[in-house]
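Look for subunit A in each of the two complexes below; its partner is subunit B in the first and subunit C in the second.
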Partner chain A sequence: MAVENGAPIIKVNNLHHNYLRGTPLEVVALKGVDMEIFPGEAVGIIGRAGAGKSTVVQHFNGLIRPREPGKVIVDGLDLSDPTVNIKELRQRVGLVFQYPEDQLFERLLGDDIAFGPRKMGVPFAELRPRVQWAMEMVGLDFETFKDRYTFSLSGGEKRKAAIAGVLALKPKVLILDESTSGVDPRSRKDLLGRIRCLHEEHGMTVIFVSPNMEDMAGLVNKIFVMADGRTVMSGSTREIFAQREQLLEYGLGVPQVTEVMHELKARGYSANLSVLSVEEAEAELWKILSS
Partner chain B sequence: MEDFEFLRNVTIGQYLPGDSFVHRLDPRTKMTVMILMVLPITFTLSYLANLLLVLVCLGFVALSGISVKYILSGVKPALGMITILALMQLFFYGDTYVPANMQIVTLFHWGIFHVTNGSVQLVFVSIMRFLSLLFLASLLTNTTTTTGLTHATEDMLRPFAFLKVPAHELSLVLTIALRFVPILAEQLETIMKAQASRGADMGSGGKLQFIQTTRQVVVLVVPLFINAFQRAEDLVLAMESRCYTGSAGRTRLVHLHMTRTDLLTIFVVAVFAVGILIVPFPV
Partner chain C sequence: MSADPLIRVENVSFSYNAEGGNPIHALNNVTLQIQKGEYLVIVGHNGSGKSTLAKHLNALLTPTAGDVWVNGWNTKDKDHTLDVRKTVGMVFQIPDNQIVATIVEEDVAFGPENLGVPREILEQRVTDALAIVGLEDCRKRAPHMLSAGQKQRVAIAGIIAMEPACIVLDESTAFLDPVGRDGVLQAVRKLHQKGTTVVAITHFMHEAVEGERVAVMDHGQIVMQGTPREVFSHVAELQELQLDVPQVTALSNAMHRRLPDFPWDLITVDEVVSTVQRLDRRGSAPRWP
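After this line comes the complex of A and B, so read on.
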């Protein structure tokens, strides 16, 4: 569960951003975003397409720099300071994009995963154990896969390899920007389980951006809802999904099992609206049936 | 500080929706005007004539409602290269460049450097030519949709059918090329961001560190090409599955219509262009 001890690891204050600034095609992407994320939390960011989710998370590792009056402070580093050590920041905050397999370029898989740590100046002797750790974290056997040709892998394996390439940096914060979309259901479930393990067993702070409410419910403790470039709701996963009407207003929804509970309640049953998983729903349904 | 937004610097080829006089002209008119203007721009060496041409091009820009600053901002990444070329013209073309009826005066001579009034004129005329061409090329693409450009190319190539010029196919190639520029630019941006996220230094190799710079390019080019080939293959499949066979028997949704304004515009520009070519300018 969320451990809100001490200072937030990521603090966003009144963040604004415009794309194509200074051209006739300028678009406003962020109009005031505020967030606080604490070490060891698993946080979800939801919102419709164009709400500004990706723009926000790209600020977290310095791909986009905050502009006045916005402030982004990550692990004690103020990102509006142009002299901040951006390489150091990117080692601490790993960002995985939507189709991360597009970033693979080395001939052999092991080399590709070692690219990040090598660039960060990790000594040669440490590279191998790091790559091995990263591959095992995503479920690719080190001995089987390290010398495979990168481009002969299946889509799901490439996806895992690309995530391992970011994990090999051993970041404190892992951001997944819709990184689980477009793979088959089994790989997706497997990946989600592994991300949960990174969070629960390795204490990694995880920031998860996904349009899929089921994935959210199974992984994160806290949710930020974004709409039209602003953060409009924030709270624990249960609190957020209990406010179905408001989410629908923002063009979002709730997990299917939660939806069932809302429907039951609408028909006069005393259903518990904070149900998030199939198991909880089952228990709740037995309770309703036996009463 | 790095900046990954390329499209902020790419101004040629970016369509800007609008409803100005230039936007409303038939795409064929715009292309004809461009060809007509390019002739005097390329052939006239006179200061005065080139100044006139720049002013007329600026006039077109004013009519389109697009800001001159926006068009000029596209030159920024190329400024260094342009300066080097201008200096080379200034220093090394003193002997070879001799405009007709011009008294060559040496202004500066030292070793291989030879500056004459001729090379000075060449530099200034080149800058003006560059500006005129930049305004024209930007304007054509800034005010015309890709579809408009394609249809215009096809129509203008059709008279050459008797030479077996494949008008439709050529214009299709043009459309695909134009259509893919922003897609690839966006893809490149994503790949750069992804590689930067895992420690690749982007653009920090320094201007003279060629090996580092080349290494940086590899991590971008390999994924970009794989992606581009994949897209090309997808496009071929999509076209085949919709029974695309080329121009034979194909009809059009949009038909272009020339209005009286179009014809008048072409006439005025043609008279001006021929005038510039014929009139003997004093300087």
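After this line comes the complex of A and C, so read on.
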């Protein structure tokens, strides 16, 4: 199927999934998920623990196959088709897990990052520039780090290395499933900046799963809200965070500065609920106090 | 404060040899006292030594120099290692490394059972611990089928069930969603109210607001200490250490620069909102040129 211009790169329709199907321990994880993600978008998926976020994104690179009547179409590939080329799919869609540093296994960092593209059959001559590009995208200097032992890296460096390993496949879609959690603020901010750059300057489609609403607000343009295995809200980041009451119902919050605006509104101020950053909040408060 | 702290960390240094390199000094002459019933938050970057310090609190590590005293026992004294570990329970960063059983209730029961808690009491302890972390419904589930956040709460329940005098949480909220995190923080608050000493290690500065005292670590030393408000008021230093400042504190700082009457050290949403109301009510006459 040819992908038309402006068609979604990922389309999820009525997706259901049960873990341990047919056993007494069966757990219903997805009960009807619909999503459309377009090329070049930066999309966030938020939801409580157990809402099904990870289960959904694991469909995107074929780790879990959609079951009837659910459909997942990724970059023109219908994933319910058992003959679909999974290798091709995994090259196009890079998935970074929680604690991706656990995925490092080679002795030398450069080898680890080269592993993916090598297995994808990238010619030897192209490997080096690829690895170099991937390392630079995450802020690891090629010459300094390529021959470092993977176990000697710090937590933040390992995290970056693992992400570089996925980037080396030059995916069209990069999925980060809580991959920015558990590193210190310095590394987290640095990583977020680099992800933003991949999205803004390299046009990569980014799917970001994170419990941190402030990070979410700073990175994505569109948000899907999941609750109890379903997509329950979707819209622009500003639209979603303007609906605090509903988010609270789903066990979610809004960025702290957005919270300030909601509280002001509750106390009778005509506060702008679409505030997402400290700077925007500052301007709004100033407007209120100087009027 | 009582003159008899639960934990005394006295001039502790800890070094280890890196692979083929120079020794790494993870802790550098740290002195710290933790009072009974206190809620202490330790913040700092990876590599700042905060986890290393935490591991000294229940004798997982012993100092290269200096001493750690827990309830009067020196952690170097191997005869009392068990006593120390019964006193100080630890919840680690990654729950998977701490979960041993295949059923949630068995996992929670594992610790107290091995401490010889009789069966009748054990049941109640498991029930109470699961209630505190809000996982009553998951009692019969398999831990590996739970989400990361739920698993972390199982790990915490496993420690709570041992009823230690002090619980050390080593970045145990890193993976929780906002409500899950609130759930754990509430559980920790409940424990603290019941008299348990809490030491929480985190990079989330907004969690530091929970504590009664905050210690900031950098390069193996405690570089700042005080109430959350005292610590957060050092916005410039915190930013220099590249630690997160809560958004509302950053906002109150920015507003203070525009408007000197706006306090610069607010730490909660409610404080900011109340301040806006207070400043806005100062009459309707033009207040600023």
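The rule we apply is simple: the second predicted complex is superposed on the first by the 286 of 291 C-alpha atoms of A that agree within 3 Å, B and C clash if a C-alpha of one lies under 4 Å from a C-alpha of the other, contacts with A are read in each partner's own complex, and residues count from 1 in each chain.
Going forward, contacts are C-beta pairs under 8 Å (C-beta built on N, C-alpha and C of every residue); 3 or more make two chains touch, one makes a residue touch a chain.
Everything numeric here is computed off the predicted structure, so don't read it as measured data.
K.L.:
For the three-chain model obtained by superposing on subunit A, do subunit B and subunit C clash or fit?
P.N.:
Here the two partners, once superposed via subunit A, clash with each other.
K.L.:
Is A:Glu259 touching anything from subunit B or subunit C once the two structures are fitted on A? First, second, both or neither.
P.N.:
Second partner only, subunit C.
K.L.:
Mind working out whether A:Pro100 is in touch with subunit B, subunit C, both or neither, as first, second, both or neither?
P.N.:
Once the two structures are laid over each other on A, A:Pro100 reaches subunit B alone.
K.L.:
Quick one: name whichever of subunit B and subunit C touches more residues of subunit A.
P.N.:
C
K.L.:
Under the stated touch criterion, which partner chain does A:Leu20 make contact with: subunit B (first), subunit C (second), both, or neither?
P.N.:
both
K.L.:
Is A:Glu178 touching anything from subunit B or subunit C once the two structures are fitted on A? First, second, both or neither.
P.N.:
second
K.L.:
Have a look at where A:Phe151 lands relative to subunit B and subunit C in the superposition and call it first, second, both or neither.
P.N.:
A:Phe151 sits against subunit B and subunit C alike.
K.L.:
Residues of subunit A that sit at the subunit B interface in one complex and at the subunit C interface in the other, please.
P.N.:
Shared contact residues on subunit A: 19-20, 25, 151.
K.L.:
Okay, in this complex, where on subunit A does subunit B touch?
P.N.:
Residue list for subunit A touching subunit B: 19-25, 58, 61, 63-65, 82, 86-87, 90-91, 94-97, 100, 102-105, 115-120, 151, 165-166, 168-169.
K.L.:
Which residues, counting only subunit C, touch subunit A once they are in their complex?
P.N.:
18-19, 44-48, 93-94, 141-142, 145-150, 171, 174-181, 203, 205-206, 242-244, 246-248, 250-251, 254-255, 258-259, 262, 269-270, 272-273, 276-277, 279-280, 287-288
K.L.:
Over in the complex, which subunit A residues touch subunit C? Could you list them?
P.N.:
Answer in residue numbers: 19-20, 25, 27, 46-50, 54, 98-99, 149, 151-152, 154-156, 178, 181-189, 211, 213-214, 251-253, 255-257, 259-260, 263-264, 267, 269, 278-279, 281-282, 285-286, 288-290.
K.L.:
Could you list, by residue number, the parts of subunit B that touch subunit A in their complex?
P.N.:
Spelled out, the residues of subunit B in touch with subunit A are 1-2, 4-5, 7-8, 11, 14, 16, 66-67, 70, 73, 187, 190-191, 193-201, 218-219, 222-223, 226-227.
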